[in-house]
Structure formats: structure tokens, C-alpha cells
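There are two complexes below, and they share subunit A, which is joined by subunit B in the first and by subunit C in the second.
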Partner chain A sequence: MGRIFVLIEHRKGAIRDITWEMLIKGRELALRSGGELTALLLGYQIRNLAEKLVQRADEVLVVEDEKLSNFNGEIYQRVLSKLISEYKPALTLIGHTSFGMELAGQLELPITTDCIDLCLENGALKAVRQMYTGKVNAEISFIGAPSYIVTVRPDVFPAEGQQTGRGEIKYLSLPIEEIKYKKFIEYIEPAVGEVDITRADILVSVGQGIGDKKNISMIAELSELMGGVLACSRPIVDKKWLPKERQVGLSGKTVKPKLYLAIGISGAFQHISQIKGGHIIAINKDPRAPIFGVADYGIVEDLFKIVPVLTSKLKEIKAG
Partner chain B sequence: MDGEQSLTEKYELFGCIQCGRCSAGCPISLNSALNIRKLIREVTVHQVLEPIYEQGELWDCTTCSICSLRCPRGLKPHEVLISIRSILAEEGNVPATVRDALEETFKHGNPYGQIRSKRFEWATDLKIKNFSQGDRAEILYFVGCAPSYDPRLQEVSRALVKTFTQAEVNFGILGNEENCCGNEIRRMGEEGLFEMLRADNIKLFHNHEIRHIVTTSSHCYNTFKNEYKDDSFKAEHYTIFVAELIQKGKLSFSKEIKKVVTYQDPCFLGKQNGVYEEPRFILRSIPGITFVDFERCRERSLCCEGGGGRMWIDASDSGQRLGEVRIREAIALGAEIIATACPFCLLKLDDAITTIGLADKIQVRDIIELLAEAI
Partner chain C sequence: MDRKSGGKYKSPRLAFSECDIFFSGSAEHSSFSNTGAIVDIIVCVKRVPDTAGATIEIADDARRIREDGLVFDMNDCDKYAVEEAVGLKKKYGGSVTAIALGTEDVEDILRMCFVTGCDEGIRLTDKAFQGSDAVTIARILHRLIQSMKFDLILTGAQATDDGYGQVGSALAELMGISHATLVIGIEILDGKARVHRELEGGMEEVVEIRLPAVLTIQTGINIPRYVSIRALMKVAQKEIKVLDLKGLGMREEEVGESGSNTSIERLFLPPLTKEMEILPSDPGEAATRVVKILKDKGGLV
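This part shows the complex of A and B:
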């Protein structure tokens, strides 16, 4: 395999994690195949980013232009198509993000999307992607073509790795024409303090059993020690003890954590049906609570006895 | 979009005299900015309807239909609102929770995203005839999505099976072939998916030569009876069917339930289908029960906020939930049990009891659970 392109995803002056993840995977493929890893950086006033990237890639190609200040799928597509036809990479990696999804399909090259792994088998590229909402992993082999596009699912590969680049930055000047159909308007930031419980690996979720608003802080502390995110069931939102965005359930959010710690949650169907995947651990003093019907592990005990013990144990471990 | 003209024409909205009987009776107006009278006016006079469609409170309506029931001109304001939702659904402009529920229904035949092969699991130990296994029976017991999957509601389904068995009803269920009825789907605006479900279900009923359907849910009953437009089968809510069983002397009681019981009229049973007497008749037939009616009962009954897709949408304004109002009213009446005949009423009222912490004072039960306990 010859050259491997990684399209750098950055926003408001910061490189996004998916970039580092793709560079790690790209490096692995380049080493195996004796190819070369090239980072493509498109933007405006981004030279400081290029400096960071050279340590991870063999070469960084930088296209700088005011028109590239903010992501615009249409301009990116034109620039990227030009670079691909000029440098003829065997493979271009793009993040399977809102940014990448808008762009990748427009490049008119053989593509496989949302991949969770990539490998070489007898010199040929193979990709793995999920089907049937994650129930089946499909191995994808490619039709013979000089160049492929693969979009990579975020949070699958590690972002940290050896600094293996040989550090060459090349600034390209490309004529970039005006475009007609798309323009950047604004970034809409989530309100301060807003959290996305749908993306958390560990959710510590609290229900009616907590009894009083002042007890929530105890669960928040446990959640923080566990590196988790605080969530809740509907009664907690109804009482305005926690904001709506933390609610798991039919009228709240569907979550897919790796671990769901349910504290004082009885487990009404409207709540538990929206926990998809992962392990559920339940703490509830009522042995007949339906939450135990779906929990992988359960503790039948007063949460006010268990939570302080968990908290102090975690503090002990953290203190080393 | 020619939506403006077609809505006004389709629902004869120029007939509206803006009397305000609709909005005055609207239960949701107690905790939402939704004003159905104003909405009808806006739809009639505005050239551009998009700003109206942006109003988040359009999703607060429970489609209880009291507005249509009260309209002196015989208009159907709640159907206008459903039509607006369907315009929004066509544009993909629906709340995320609604989108997910619709997608799950398309994929798995139920809005909860539960696996189809587990639909029948609640009944595997019950030895029920199963049409999908080639069995034949006189009556199809149509269980419904929530009563198939929700552990709390499975108790209701089991109580109904116990009742049928005691009365020696020749009945069967569709097992894993059962599909969402589409009632809520249509009210969330997905007319296309509703039509697909309706076609699939009618085909299924025809294949199994089904002539008589009895449902757990007042929602399934409503759509089968009023929206399937197929007269090869008769659809009944279980309260109608069971009241008849009692009248014919097919059920005998062996136990008393010494409780003060009131009854929450489900909107889709009462307001939309005029079934008021049968549920009360069943409750009064159960020995020991002291029955008291709510002051606001029958067509004036206060909606629980569970219909019109509201199981998947929370009100834009989080004022006091009507379920909580209802629980307090029931306690003031001296009731120990609120009986109902709808899975969504049961869940919403149960939730309200948990939220206000009155579980030691009052319970919500389905009528059929009380009956099954007494036979």
C-alpha cells in the first residue's frame, strides 16, 4: 500500500480526538505495508496545528485559505478531490462524524463507512463495520480500485501513541474558487453545564429512592469518583432536582453506557427499556423492584448504607 | 406548501366561530402554552404556516379529543393538530424521542425497541392458543405493545387471560406475529407508517380468519374500530366483552375486595368511543367494592397525559402533571384504589403516585386485575 491520507478534523483551533485516533490506525497500516502516512490539514491560521501533527505523520500537507476558516463540505470536497487526484493515496481516512459524513460520500471513490477496524490481509485492505444495530460485525473487502475512502467511528482506536513522524510540513497553494450553495453561519454551543448522557461510558443514575434533593450531591460525588456522568429517572426531573437533559427513559434519553449504576431506581419499563447494552448494577432496598429483573448485579440494601461505603473505598483506591 | 388551504378546507375551519369551548375544556391548557382555539384561528388566517409549526407546544396535545367533543360546530380541532404533526413528521421535524419511537416501530413492530421474538414471552407458561402456531379460535385477544413488554402491564394481560379462561372463552393470541396497532403512531404524525401497520395487520387478521378482536388497550380498540375501516372483523375493548360475560353469568366471584374504588375514564375509551357504562358495571359487580365516581368523570374526565404519543414526549412546559392532580382528587374522595382500563393511564397514574410519594395511601389497578382477583 502506498500513501495513506488522514484528513485532520479540527474545530475552533483545536484538533479533535478522532484525528489522533485515525493517525494511530493509519500509522499501524503504514508500518505493515511499508507505506507513508500523510496528514491533510485544511484551514486558516492553522500553522500551530501543523506543528503538533508532524510528530505523528510522515508528512503534513497544509492548505491554508480564508475560505477554509470553518468547515464547509463543499469547499473541502473540492480541495480534497484535487489532492487525492494529485497524490493518489491508496487510502483516505475520514472521521465518521457529522463533519466526515457530509464530506466522504461526495468524493466519488469506493467507500466504506463507520468502520470499527481496518487491517491488511495478504496485502489487501479489509475493514470491519457493524450491522443490525451492532449485533453483527461484517468484514468488508474492496473492489479493485486505486484509491479508497474509509470513514472511521470515533472512540474506537486509542488517541495516544508513539510519536513516530519524521516531521515534514508542506504548504500548498491551491486556487480555491468561490462556492455557491453552502455557507457557514454560526456555531451553536450547548448551554453551559449541559451534559450528554447518551455518550457516557459510565452512568450513575439516581431515582426516587434518594428521598431528598440534598442527597443528590452524595450520588454526584460517587459519580465523579467513578469517572461517570450523573443521570436520573423521571421523578427526579419532575421534582426539578436535576435538569431534564439528565433523564433516562422514553420521554428522556436512550443511553448506551458500558456501565449503568442504578441507585434507588425501581426500574419502570419506561426507564429500563431505554438502557441499551452495557452492564446494569442496581442498588435498591426493595427486592421486588423490577430493576433487579434486568440488572446483571444487584444489591438489596438501603442506598444510604451502600453509597458511603462505595465512596470511601473509591477514595482509598484513588489515594493509592 | 399548500398545507394551509388543505387544512382549512379539509377540516372546514371557516366554520369555526372562535367560541373557545375547545380551549376552555382542554386539559393540557392547565400546564402548557397550547391554545387550540388560537391555533385553529392561526391556521385559518395566516398565509404562511411555518411559524405556527415551530411551536413546541404542538407536541403537548394528548389527542384526548375533548375539544372535538365540545365543539358546537362539530369540527375536529384535535384532528387538525394531528395533521400539523404529520406535516412536521414528513419534514423529519419531530422530537428525537418521537423519531426513535417511530423508527423502532418500523423495525421491531413496537415503539419501545423491544425484540419481536420476545413479544410472546410473558405468556409462554400460560397455554394459550396461538394463531401464529396454526391454532384457531373464535376470539383474537390482541395484547398490544405495552401490555406485552412492560412487566407491570403484563400483570394486566395475565389477569385478562385468567378471566377468559374462567369464562371458558375460546380465544387465542397472535404471539410473536402481533404488531403495533398504530394508534399512537398516527397521533405522532406518522401517517405513512400507520397506513403500513394497518395494511400489515389487516392482512394478518384475514390470513388467520379473525372475525372478533378483544383488546387490552383502549388505544388499540380505538384505531381498530374507527380507523381500520375494515368490517370483516369486530373490535371490542375488553371492558365491553367482559361486561357481557358477567351479564351472561359466565363469571362467578369467590372473593370480596373491600376497598373504596374510583374510576379514571380513559379518553380513548370514554370520550372517543362513548364506553362509560361497561367499566363501571364491572367494578360494581365485584363483591365488596364501594364505588365512588370522580366529580370530573365520563366525558369531563381529566386526561392522564398518556395519549397522543405523550408516552414518548414530555410537555414543553413542566407545570404540574395532570396525573398528580388526579391522584390528589382521588385521595380527597376517600378512594383507596383508582381503577382504570388503559395501559397508559395506569402507567401515568402509577408514576404520579411515586412522584408525590403517596404509595401507602392509594394504588392504581386495572379493572381486570381487580376482577381477576375476585374470581
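This part shows the complex of A and C:
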């Protein structure tokens, strides 16, 4: 395998974790194949970011232009296409993020997305990705092309690793055309809510298994008895049963409680990857629910059988 | 070459020849005005097995899952896309055409689209389509859509079965029009749309995008209405147009596995990353254990 490109993801002047994760995986593939790891940094006023990358890549290619100030998939895609056709990398890694999803599909190259592993088998690239709501893994092969695109799932690979780069920074000047049909307007920060689930030691979290909005109160009561804070997974917020501030997950909050009680949560990766540390107890009737893959304790049973009994037990204890 | 143009998408030739007027402030070439915007919308939907609540088994060939016993439904994000399309039609006027690719069974979800308020349904069915990857599916959809008139194409951001999340952007690329992914809010303005995109950590990004465009819809943008069996029965006789490979003017080698650049070698169950202690499923015993763990971890003091 020849050159490996990693598209650097940054927002508001900070390099995002997915970047470091891709550089670690990219380095591993480059070492195995004798290839070269190249970081692509696109943006405006980003020279300080380039300095941070030199230790992790053999070469940092920087394209700096005011038109690249805020992320715009259309402009980034054009610049990236130009760089790919010029440098002919064997592989380009892009984050499977709101940033990467916007441009990866437009590159007219063989692509596979949301990968959780990459390896070389007899010189050929194989990718592993999840299907069917995370219940099945699939091994993907690419069919005869000189260059591939792979988008990488965040929070899968470690962000820390050896600093093995040669550290050359190369500033490129590319003519960048103005894009008139798509325009960045603004970022909107998340609204400050009434509770801060990121600070709670005990989180009682409810998922789709709860079935109905009226059943949420049952979990709220349990949470209070446990001295915890009520949280939830994405489907509950999508249904507007609880406000977004209570959502644990990639598009919600990253939490680090001492104890996490997951009730009726199947355990989509975007959810479980954002529970950092602590002990997880999961209640779910499906023995193969992905939540059991990360839980310390599992109760394989209908939540409606367990929760009422647990609630009355806690009430007894409180009553002394 | 600027292939992206304002106004309604009519045919590739027409669209390509129109001049770039998007942010120039002139609206005379646009089919929209602030007062009377009309949006013709195409919504692409997928029928998927409901695997979130089911136990999945891998088939003997290790390249697919066993589908017997699984309940099929419209892909979750796609339900939001359909609801959004119908909501936009209600607000601005226009029409909604739903397209689904798959076996005859996809008529189920096209009928769900009718109940929600879609005007027309098109089914793309051919044995040759099996095994198509995301880009190939986009190629098949493109072949149909290129002859249609529309302002917006909506589709779900990601499917719950294969989850590539690429059909929308690949379709936009093939059509030569703009796109935005992970959309959680849409407002139609003069010849353009102002859309909110979902970013990580609860952040949103607001962009303006010229129409026609492809928007991939994220869950939570609205509350999809409930589709009752009774309502489905009322639209059971409504006509669904059917097109196959030949009808689309495509060749077998362009579609299916032979047209795809990636291939699934094998499926396997995810390895467990952690040793889990299974607690008793008897509610009383389970509750006792949970209380003990809670106390051990410093709760209930």
C-alpha cells in the first residue's frame, strides 16, 4: 500500500478526537505496508494546528484559504478530490462524523463507511463495519480500484499512541473557487438545560424498550429513589418524551458516572461509546442486545417485571 | 464546471445551462418566491427488517442474515423524511412522490407513504438490483429521477440495515446538485433552503443551500404520524408505478454486485468486549443484587 491520507477534522480552532484516532490506525496500516502517512489539513488560520500534527504523520499537507474557514462539504470535497488525483493515495481515511458524512460520498471512489476496523490481508484492504443496528459485524472487501475511501467510526480506535511522524509540513497553494450554492450561516450551541447529566454519579437511563411516554414516570421515580439523575437514549428524545439535555450519546452528552443503569436500551454504538467509565447495569429482554457487550452486570428480562420490584424494594429501604 | 443551478430540476440539459443566480439576489429565474413557493419533493424510502428488538441470526452462507421471523418496516429515518416531505407540501404547496427499491414487498412502505400524504409511489424492482452497494443504489435512483421534475429530494440519513449513509450524497453527486446530510430542520426560502444539520455534542450547523437539492433527514426532525392498518386498507388499491432494469434503460453489469465496488465477504456476531456478570432474572433476586451493587458503589447512603 502506498500513501495513506487522513483528512484532519477540526472545528472552531480545535482538532477533534477522531483525527487522532485515524492517525493511530493510519500509522498501523502504513507500518504494515511500508506506506507513508499523510495528514491533510484544510482550513484558514490553521498553522498552529499543523504544528500539532507533525509528530503523528510523515507529512502534513496544508491548504489554507479564507474560503475554507468554516466547514463546507462542497468546497472541502473539491479540494480533497484535487489532492487525491494529484497524490494518488491508496487509501483516504475520513471520520464518520457530521463533517465526514457530508463529503465522503461525493468523491466518486470506492467507499465503505462507518468502519470499526481495517486490516491488510495479503496486501488487500479489508474493512469491518457494523450492520443491523450493531447486532452483526460485516467484513468488507474492495473490488479492484487504485484508491479507496473509508470513513471511520469515532471512539473506536485509541487517540493516544506513538509519535512516529517525520514531521514535514508542506503548504500548498491551490486555486479554490467560490461556491455560491451552499453557504455556512452559523453554529448553534446546545441550549443550557435544567439538569447536567455529565456531573451525575448515578444515572438511570431509559431507552426505546419503555414503549410509551406514560411509562417514563416509572423510571423517573426509580431514579429518584436511587439518588440518581434521569437520562435517556436517542429514540426517547426523537419522540420528544424527554428533552435533549438528558440524552447520552454522540449527538447528546458524554457522561462518566460511577453507576449507569440502562433500562430498555439496546445499546447503539453512538450511545454506549459516550458512557466513559463507571459500572453499567443493563436490563433488556434481548440477550443479544449490544448493551450487554459493555455492561458489567446484565439482567436479561422484561424491564416491566424488574423495575416495579426494584422500586418497591428501594421504597422499603427508604422507609427503614 | 458549475453543474449546480437554481430553479426546479427539469432535465440535466436544462439545469446545466441555467446561470448561477443563487446568492445574487435576483429571483427571476427561480421557480420560487417568498409568497408562493411551491415544492415538488421526491422522497426515497427503504424497507428494512426491524432488528433493534429482535434476535438476529446469520444465514449459512454468512453473507446475509436469516430474515424469516423478522418484522419488516420502513427505515426509521425514512419515516421522518416522509413526514417532513408531507409537512413541507402542506406548508408551501406542491407534490410528494415516494420511491422505493426492492421486491414487491416494498409496496407496504409505499402505502404507508400514501397514508402519510404522498401523492405518488414508484417501485423499482429487478432481481439484478440485489447486492447493490450504496453508490449503485444511488445510480439506479438517479436513472429514474433524472427525468423527473423536483425541487427537493429527501431521504433518511442512514438505514438501520446496512447503514452506509451514502445514498443521499452519492445521488446528489450523480445529479450534479447540492446536498446536506443529517438535517434536523428545513425552511424554504426564495430558491433556496435554510437547513439545520445535527453535529456532535448537541451542536447544530445552519447552512443555506440552493434548490434543487438532496437533504438526508435525521431522526427527531418531526414526529412521524402513526399509520393504522385501517388507513392502509383505504389506500390498498392506489396505483404504484413499477419499473425494472429494462424500464430504466440500465444494463445488468451496471447494478447489483457486479456494479458495486465493495462486497460483503462475511457476517459475524460482534465479539464481546467485556466479561459481564449475568444477574438472576427473578425480579426479587435481581432487585436485591442491584441494591447491593448500588450500595457498593456509594449510592443509597
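Following the convention adopted for this analysis, the second predicted complex is superposed on the first by the 196 of 320 C-alpha atoms of A that agree within 3 Å, B and C clash if a C-alpha of one lies under 4 Å from a C-alpha of the other, contacts with A are read in each partner's own complex, and residues count from 1 in each chain.
The working rule: a residue touches a chain if its C-beta (ideal position, glycine included) is under 8 Å from a C-beta of that chain, and two chains touch if they have at least 3 such contacts.
Everything numeric here is computed off the predicted structure, so don't read it as measured data.
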For A:Leu120, select first, second, both or neither according to whether it touches subunit B, subunit C, the two together, or no partner. neither
Considering only touches as defined above, state whether A:Ile216 meets subunit B (first), subunit C (second), both or neither. neither
Regarding the shared-chain residue A:Gly252, is it in contact with subunit B (first), subunit C (second), both, or neither? both
Residues of subunit A touched: more by subunit B or subunit C? C
For A:Lys276, using the defined touch cut-off, is the partner it touches subunit B, subunit C, both, or neither? Pick first, second, both or neither. first
Of the two partner chains, subunit B (first) and subunit C (second), which one does A:Lys239 touch, if any: first, second, both, or neither? both
Between subunit B and subunit C, whom does A:Asp286 touch in the aligned arrangement: first, second, both, or neither? second
For A:Leu174 in the superposed arrangement: first (subunit B), second (subunit C), both or neither? neither
Between subunit B (first) and subunit C (second), which, if any, makes contact with A:Val54: first, second, both or neither? neither
Across the two complexes, what residues of subunit A are contacted by subunit B and by subunit C? 208, 234-235, 237-240, 244, 250-254, 266, 290, 293
Per the contact definition, I'd like the list of subunit A residues that touch subunit B in the complex. 208, 234-235, 237-240, 244, 250-254, 266, 268-270, 273, 276, 290, 293
In the complex, subunit A residues that touch subunit C: 11, 71-74, 96-98, 101-106, 108, 110-114, 126, 129-143, 145, 154, 180-190, 201-202, 208-209, 226-228, 234-235, 237-240, 244-245, 247, 250-254, 258-259, 261, 266, 279, 281, 286-288, 290, 292-301, 305-306, 308-310, 313-314, 317
Subunit C residues touching subunit A - in the complex, by the definition given at the top: 4, 6, 20, 22-23, 49, 51-56, 58, 65, 134-135, 157, 160-166, 168-170, 172-173, 178-182, 194, 196-210, 219-220, 223, 260-270, 272-274, 276-281, 283-284, 286-291, 293-294, 297-301
Per the touch rule, the subunit B residues reaching subunit A in their complex are 97, 100-101, 112-114, 146, 149-153, 310-314, 318, 321, 347, 350-351, 354-355, 357
